[in-house]
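Shared between the two complexes below is chain A, which pairs with chain B and chain C, respectively.
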Partner chain A sequence: MNEDVMVGGHISRQYDEELDEIRSRVLQMGGLVETQMDKTLDALREDESDHIVDVEKLDRKVNKMEMLIDEECTQILAKRQPAAGDLRLIIATSKSVRDLERIGDEAERVAHMVRNAMDNQISKKAFKGLLSLGEQTKELLHKTLNVYARMETRKAVKLMRKDQEIDDEYSRVVLRLIEYMKKDPDNISDALDVMWAARSLERIGDHCINILENVIYLVEGEDVRHTGIKEIKRQLSNSD
Partner chain B sequence: MLDTAKETYQTAGEPFLDEPKMRVRNADVFYADKQAIFDVNIDIGKNEVISMIGPSGCGKSTFLRCLNRMNDTIDICRVTGELFLEDQDIYDRSIDVVELRARVGMVFQKPNPFPKSIYENVAYGARIHGLTDTKVELDELIEKSLHRCGLWNEVKDRLEEPATGLSGGQQQRLCIARAIAVNPEVILMDEPCSALDPIATATVEELIHELSENFTICIVTHSMQQAARVSSRTAYFHLGKLIEVNDTSKVFTNPEHQLTEEYITGRIG
Partner chain C sequence: MNEDVMVGGHISRQYDEELDEIRSRVLQMGGLVETQMDKTLDALREDESDHIVDVEKLDRKVNKMEMLIDEECTQILAKRQPAAGDLRLIIATSKSVRDLERIGDEAERVAHMVRNAMDNQISKKAFKGLLSLGEQTKELLHKTLNVYARMETRKAVKLMRKDQEIDDEYSRVVLRLIEYMKKDPDNISDALDVMWAARSLERIGDHCINILENVIYLVEGEDVRHTGIKEIKRQLSNSD
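Moving on to the complex of A and B:
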């Protein structure tokens, strides 16, 4: 736990509990989204559509969690009028759960593509090319959730670089798909499906970056959206 | 003067301004031999609303009272340091305290209208300071002051009735009208809304906002939300020390000092 973030210690112990609950629910929700991602990749790897049913079920849970956490944030805003770090926690949380929910949606989209591919006998070669992009994204998601749990801004900044790697991998996937389409116009429809799935994975990376930015805002009070990594590092080193 | 080395204290944030309305340097305040304010350094800007917040007993009222020498009325109270209203040393021997308090007016926690008519309450300061020559002028001044406080329509038909018959919120606005009738430059308010209901509080807060166009306002408040709503800068006091001064928006989203954070988030300091 970063020392800059104070959790607990309120005169109102009930308030402490409310904030604690929100934090642990976000982690719980993160866990669900991570499982969605795992199952999607399992489906992709194993050509096994059973996993996809799970992804859909999880998505409904994730949606419910988002609404629940949002409601809890609203209640705290109304009842406690949080300030400073508490206020930033609520704002960062409410933004992050939206990103988590979107990650869940994107994972589901990929899962549907995989099912589609299995049903329509899309060339395995075309969509197996997604695995490595999927693994990279999954790893970023996992680390992002750890950063959120421990509120580690330094790690957050480091992880933000991963976005570039994911973008690069995405470009490679797209290039391969273009080659594939060029070879035979009959491939176009399949390739586009895979392309959309790749796009979804790339988006998951973007949502992770948003969450990392939220953690930095929450801990440091600096809004680092639309700020280069170098500049972020400079700002953070100034603040300590 | 104390012969022991003076304790100094470094306030976090931005306590200083260009061309301040009031300038306080190295202010210490003692009640007999007990020190209540320790080396406070701050500028108060022209036409700004600045709020003073902090736990009970931290010295907010004591500090506020330094700014128009209200502390002079407390025998055991002693103020040292430099306190300037623009370029005038307000603790200079040549200062006429009555004059000073006309320039730096004050509104208290409990509405304290004099047991006189509404009219006389507002007229009081103007009479003392001889601000008007004729009854017509005085009438105008009173109407204008009551207008500014949003009270004119409520009281214009009962100006001769006792002020004590007004509601709490009306009484507080009357006290503000009384304070502004002498056309002060600075208005000090010590928890002006603590005895008012939310509607009356909102009315007074709106009034503070309007008055800030023409006056500099220092407000002590226990309501964090009130500080956040009405002031552009916030000063946080803790055990007689000025811990932090910053833009209100910064104080309430990302304060610099740990003690400020603990206080505004409701943690034990």
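Moving on to the complex of A and C:
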């Protein structure tokens, strides 16, 4: 970590390559997490346990990627002296990989719920709404990764609104499950499993929002956590 | 951010002071979050809505502290060239304040559930077990902050085991709530509120574990995320 930093154009190119590599790795990790989401939804659609094994295998890969990217970020901080935008890239990346890893964890939780459901032969009725919530969340994740790849802050702000739609869909799923539980107390345990899964999907939405906030911070240098969307839009229009 | 770094003993002292300040601020933020937890448990014990307003006020302070400390970490990364231990301090701190902020959020969620419960005059029976889960979690948070203050990795590893106890208590609370729901479907909505609160408390335990992992990384330079406790102990004994 303390090796001397060489000086000259060559090093600068190498440094650029290192930063590019980090960006690519984040997208690669994002791809793995997206696949986890796909497989989880496949399991939900098809009642097929093979997909769940895949989700678990992917989770180990995602965990390794998180540690690898974090280590690369630390190396760059130690070896280079990143300033301004480069520094923000490292900080935003380190935060975003944590969110990606959490998304993977939540996807795995949903997958386990699907396995439980299969083992306990849970009524298909309990699942109603979960798949559409899952699909909305997956779409948000996909678009979030696109925003990260292209560093588009305006799209980031636009996308942040999607979280409200996901929250609304989540509330509808929960209300439906409460009705299902009330109908017959024997449904309660099953419905709770589905409810945890819905909660995990809703959390995935929250993690996507975190990543979008990181992109805005990275590009604009504005820390927009704990800031409302209106205020973020105002800040962005002032920075034009 | 790009101002020139002065050279000499004075600057080194100033740098030390900056690092000390960051450590103190994290503990100060930890104190605020602990107070949030205290007030939340007071509200739970005493059915008193004043405490809940305090929790909300504290949350705004906690959010500001998170952004302030993060900004200070970024400044140090940009101005100084922290290496080895100092760099790990900055990285571990930046991660830990995020966990602290999440703990504050979860405490606020519990507080809101208590308010809902008061508004809806939820039966006290539904709360059974939640307080003891809350107290266990608060104790873990308190000890976690002590470990951070004194940078004691061995205590960190010991404390990480507490998470299992909290998970067990959480499972007991959930099972009791399921029984309560089964007894009368009219109890379902109330019991679900309490269940979300229990889940939030369990998550607080998870965030404490993250902070403990950060302390180990900071002191030992070992990234112990995704590593079992046995393996962590082995790594620590090898590093003697």
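Things worth noting here:
Methods note: the second predicted complex is superposed on the first by the 228 of 240 C-alpha atoms of A that agree within 3 Å, B and C clash if a C-alpha of one lies under 4 Å from a C-alpha of the other, contacts with A are read in each partner's own complex, and residues count from 1 in each chain.
Heads up, the rule we're going with is that a contact is a pair of C-beta atoms (placed from the backbone, for glycine too) under 8 Å apart; a residue touches a chain by one contact, two chains touch by 3 or more.
These figures come from a predicted structure and were not determined experimentally.
Using the contact criterion defined above for the overlaid structures, shared-chain residue A:104 touches neither chain B nor chain C, since it reaches no partner. In the superposition on chain A, contact is made by A:226 with chain C only, not with chain B.
Of the two partner chains, neither chain B nor chain C is touched by A:134. Of the two partner chains, chain C is the only one that A:71 touches; chain B does not reach it.
By the document's definition of touching, of the two partners only chain C reaches A:185; chain B does not. Of the two partner chains placed by superposition, chain B and chain C are both touched by A:83. In the superposed model, C is the one of chain B and chain C that contacts more residues of chain A. Shared contact residues on chain A (touching chain B in one structure, chain C in the other): 81-84, 87-88. Residues 1-2, 63-64, 66-67, 70-71, 74, 77-78, 81-84, 87-88, 91, 94-95, 98, 174, 178, 181-182, 185, 188-189, 192, 195, 199, 223, 225-226 of chain C are the ones touching chain A in the complex. Only residues 6, 9-12, 15, 80-88, 221 of chain A touch chain B when the two sit together in their complex. Across the interface of their complex, chain A is touched by residues 224-225, 228, 251-255, 260-262, 264-268 of chain B.
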